[in-house]
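One structure below.
Going by the order they are written in, the chains are A, B, C and D; count residues from 1 in each one.
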Amino acid sequence: MSGAPTLMHRRLKPSPFLPDLAEIVRKDHLTSTETLYQLRLADGSELGHTPGQFVELSVFGVGEAPLSISSSPTRGEAFEVCIRRVGDVTGSLERLGLGAQIGVRGPFGRGFPLDEMRGQDVLIIAGGLGIVPLRSLIVNLLDERGDFGDITVLYGTKDPSFLLFKDEITRWEARDDVDLRITVDLAEPSWKGSVGPVTTLFRRLTIDPKRTVPVMVGPPVMFKHVVKQVLACGIPEDRIILSLERRMKCGIGECGHCQINGVYVCQDGPVFTYAELKRLEEAML
Amino acid sequence: MSEAMIEALQTLKRPRVAVFELASCAGCQLQILNCEDELVDLLQLIELAYFKEAMTETSDVYDLALIEGAVTREADEDKLRTIRERAKLVGTLGACAFPVGIPGLKNGHDLEEVARQVYGEHASYFPSVEAKPVDSVIKVDLHIPGCPIHKDEFLRVVTGVLLGRKPPIPGYPVCVECRLKENICAFDRGLICLGPVTRGGCGAICPSYGSRCFGCRGLADDPNLASVENLLEDHGRTREDILAEYALYNGYYALHDGGLKAKVAP
Amino acid sequence: MIDRVIQKAHLTEFLDHLAGERVVAAPVADGPLTRFRRIHSAAEIAAHYLPTALPPSKYLLPTKEVLLRYRYDHGVSAEAQFDTQEMIAFGVRPCDLHALALLDAIFIDDKHDGHYMARRQHVVLVGIECLSPCDDHCFCESMETLEVHTAYDLLLTDLGEAYYVRIGSAAGKELLKGVDSMREAVYEDRTRLRKAHEARYAAFTPRLETDLSQLPDLLADSSDSLLWDVLGEKCLSCGACTNVCPTCYCFDVKDEVDLGLSSGERYRAWDSCQLEEFAMVGTGESFRQPRNMRVKHRFNRKGRYILERYGMQGCVGCGRCARNCLVGIDPVEVFNQLKGQPVERQERQVMR
Amino acid sequence: MSKTTAVDVRVDYVSRVEGHGNILVTAQGDQVKEVKFEVTEPPRFFEGMLRGRPFEQAPLITSRICGICSNGHVLASIAAMESALGITASEQTSLLRRLLLHGETIQSHVLHAYFLVAPDFFGVGSVVPLVQSHPEVVKRALRLKKLGNDVCDVVGGRAVHQIAAVVGGFTHLPTPDELLSLRQRLVDAAPDLQATVELFAGLAMPDFDRPTEYLSLKSAAGYAYFGDLILSSSGDITPVRHYREKVKERVVEHSSAKHCRSDKDTFMVGALARVNNGFQYLSDGAKDVAVGLGFEPPVTNPYMNTIAQLIETVHCVDDAVAIIDALIARSLIPEPPAVEAREGHGVGAVEVPRGTLYHEYSIDREGRITDANLIIPTGQNLANLESDMWALAPVVIPKGADAAQLAMEMLVRAYDPCISCSTHVIYLPVKGEE
């Protein structure tokens, strides 16, 4: 994989820990635990990210958390993050209203290799919150639709109430240049769609292994099964793209928390090829 | 805007805090009063709803009830259940309330015999049951450990609770802070030490003052008890000695639930 | 730059004078320990000392360091904090100089970390060469850190009645201006220095049974060794080894709130990969929970990962971790055991 | 009030005292029927718990009898243990111990006077409203209290359950810098102490006198906080090791704390007893303050105990400065405690803020504790408090239940009872009622 930036400071600062200020300009509750935030940097500048990168968001007095950027760089100066409430930082963001100021560092990390996808078919596989960074990619692909071959999105989630970005998904479904398929682990009888893990969606799929780039983000268990599937399709290991989550404290490869064997997820990732991760036992794939 | 933000961040606004006492030395309550530099500011942040040692007024609903002391009488259990019903959050204050502290020392003795030793033939006036930690009776939301509690940690917990943060109590062992303080390890001073298995956060204050850790903060999250037992045996201690070591502050857990184990804190 | 020679008595005078005027830290003995701490006269400096309890990196990457202060006041403002306290660290061992060179490579060359850089600019390092091994635990010779050519501002070598002084930087040269009586090193001095260096190699016996260049491969091949399980059962996860290690620099970042709730600070504090929480995420799963994995990670980091990433040794052979480990885990023994009896497993261990 | 009106004063759980106690007074007209100060604190059986523990843990364990006088327990425990082990403390150790105790006395007396007693005079229920109405008073109280605590921090490592003082000496010594900066702060406390004296000089203590026996320690060296003799205001002197002849305990049903009498009757210990018995040995500054506060020994009004505490606070500050000067002059030398276990028995007594505290231990050859007896000042005072209440009841009951209740509560508070302490110990083969 090449071409993707490794570390992009928006501005070189004496303290890599000093955040820029950003304002919450929109808040949409997507589910009972997930909220989409639209943020604007106080100086009005653009974040300047690529899909798959993340920011460190901070609420002063509470702490910092790494969060994927969910909006596409093709969409103007405000950017979006979609956050599941699990602890201190994510919980306190929930309590802040519009206009509140929070800190932003980043964007950090290596994003999806967009350039390598150009001219190729893209197979996107999202599990649960994995849709958050992938939404950035999907929107980007759609905004530059002509550059890519077939675009397929497989999205699996626990049950229909956990589906994120429902309105957008409906719009994507309506398009005939995207093949979008959804499955849930558990559903009421009223659910008309597919039931089962995301791998069930592979059944009626035709994949051209020579021109398909699979991109997957989801929980560790999902990776194990999906990687097996795409390998079985004959896609080479160095074309399989995944994004990982680890504990992070700095985002710049100092603090040591996100290390997987010798690799730093915050810098060398979070986006990797399967070939890169295969030999790392701590990647747990 | 700024005030609005701080307001918004707070899960509890000027919470009503109550301090209750069971069998204890009252030293943890005193530690609250010992926050001399902060007390005036603290009283702006919280409303003291019940604090017998310091005040007369009482109130019956609390956002945060802090309980000092071990359960040693049946009546204590009812008292705790009432507190639990009236309080949004319940926390323990100090080692007596969790893991049981010095009051638990009597658990190793025959209780009737102990009462007789102290009160002679009048022992029956003073019923006492085995000393137990508060969370053996009611659900506890947070523990502020230590014998006594550490002032700074108490204040950090309070501000943490106000901002909806998890209580900042470390899970790592005392040795971590001890090494950072560049102390001469107790084991290098011919002593033994419970630092490797005891929850840190006290700044390893006992080894820092030339003593050793006796385990007042309870077990760390991930103690390697088997290895420490070997270590103490290598330093000439028998299994009984080791149990007696743990019994000083961790008497309840040393004798119950199949012995000491980790992850007892919420 | 031209080397110098200073009589010991003159150096003592100079240090006394310096310690009266500026912040000077040096190793000071306290029973079995020495610690780097501020001195007020040369007499306080320990004559012979094992590597200090904490390495001198504590002056560049303090155990707790405020990164920024924030304030809620008509919105939020945050200001980065930089420490610019001038100080001289005297008596830094070659192993520790190597470790500081590694930190420089990481925090300055790679990360441009302004907090580290501010401190580094204001600390003058005066090294002292080791001519005999500290004790049975040190293995600098094996890690090739006995000789040192970087990181120091001045480097002293004991020539008996005098010190041979090599100058590593402009700051070092500047510092020497304060010494009243000193001369430029001549050919005889350089000969004496060379002899001292040669004699040194007789005193230090190699302890590592692997060729140093083979160490990364040895570790890579030992991923499935049963030794990790044996060590995992012994290890107390007390963090002593990482806290005392001069090449350990992992940290945690946390916020602290002042009592008024309207201001506070964000700080970083030393953290340890040996602690359970280190790799735990919000949902409570830890990516390196079993103790054996944590131990393996540490040794791989010391002997392999850092070298692969930064091209410098991740262990400088100071022996601190071995000296401080209550259950006697010693890197030399670990590496030698891996070498001597590569314990293969039947199947690859399932980690979770 | 008619002769037949029944008046009950019942205060459940007296506040602003340390621990749980109830007041019960029943009167029929001016006939007082019953007076009780019930102690309902859970018993903790320290004497039983000490058995079998190694001797060096006695100070650590007994420290946990009471957080407010933890250092007093530590020092009494050490005194008893050292007597059992035949150890004599060095001069340096003795000075440091006295300094540690002064820190606690300052802290405890200031806490009592300002936080527990003063609210009664301001007509409020606690110190909390005073934060708004009299911030300067509260801040001054906090400054003085902190000063006492900081003395303990410097000497013992922390104010509550100190660490460094152990059987045989100290495991850690303060640095000269720490001592000197402490000294400066002690000296700088003069205006705060002056203002405190002025504040309390302006508060009228209730008028009530009942002469009783006052007991305190006596030593060759001036005002006694440590000593081998028990001095009675009657002139009797009893060696500490024979304390059981002077201080006799018995169990009473309404109190988990035992009551005490001397060979004569009920008696009082504490600041009032000490100042009455040792007035001439107070520092000059303390004597001046006593004059300013109208204290002329012997004072037999128990409400004046609070005033005696203030006099002692000044004495302790003065003496702490003198101790620091002595320590600096001789310079601190490490004296690592080295103690060999042996069989033995010993008694130790220390004047803690609330009075004379006795610890007595027996240890076996391995140094394990085989027997312990601890007699707490509050336990000694309880019977005397009840005697005072019997005398006070007929005076205040005619003023109505509310006034009577307040007077009774204030009396209890004046004694500064430390109920946690008093309930948690005591081992004595009880010989039934006397």
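Just so we're on the same page, a residue touches a chain if its C-beta (ideal position, glycine included) is under 8 Å from a C-beta of that chain, and two chains touch if they have at least 3 such contacts.
Owing to the predicted nature of the structure, the values given are computational and were not obtained by experimental measurement.
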item	value
Of all other chains, the one whose Cα centre sits farthest from chain B	A
Separation of chain A from chain B, taking each centre as the mean of its C-alpha atoms, in whole Å	43
CA centroid of chain B to CA centroid of chain C, Å	37
Interchain centroid distance [CA atoms averaged], chain B/chain D, Å	26
Separation of chain A from chain D, taking each centre as the mean of its C-alpha atoms, in whole Å	66
Interface hub residues of chain A, defined as touching at least two other chains	61-63, 87, 101
Multi-partner residues of chain C (each touching 2 or more other chains)	72, 75-76, 254, 257, 261
Which chain pairs touch, all of them	A-B, A-C, B-C, B-D
Complex interface listing, chain A residues touching chain B	59, 61-63, 87-88, 91-92, 95-97, 99-101
Of chain C, residues touching chain A in the complex	67-68, 70, 72, 75-76, 78-80, 82, 106-107, 110-115, 117-118, 223, 249-255, 257, 261, 264, 266, 268, 271, 273, 278-283, 287-288, 293, 297, 300-301, 304-305, 308-309, 348, 351-352
Chain B residues within the chain A interface of the complex	1, 4-5, 8-9, 11, 163-166
Contact set on chain A toward chain C in their complex	12-19, 21, 58, 60-65, 86-87, 90, 101-103, 245-247, 249-250, 252-257, 259-262, 281-282, 284
Chain C-facing residues of chain B, complex	1-3, 5-6, 9-10, 38, 41-42, 44-45, 155-156, 159-160, 162-163, 168, 171-173, 175-176, 179-180, 182, 184-185, 187-188, 195-197, 221-222, 224, 226-228, 230-231
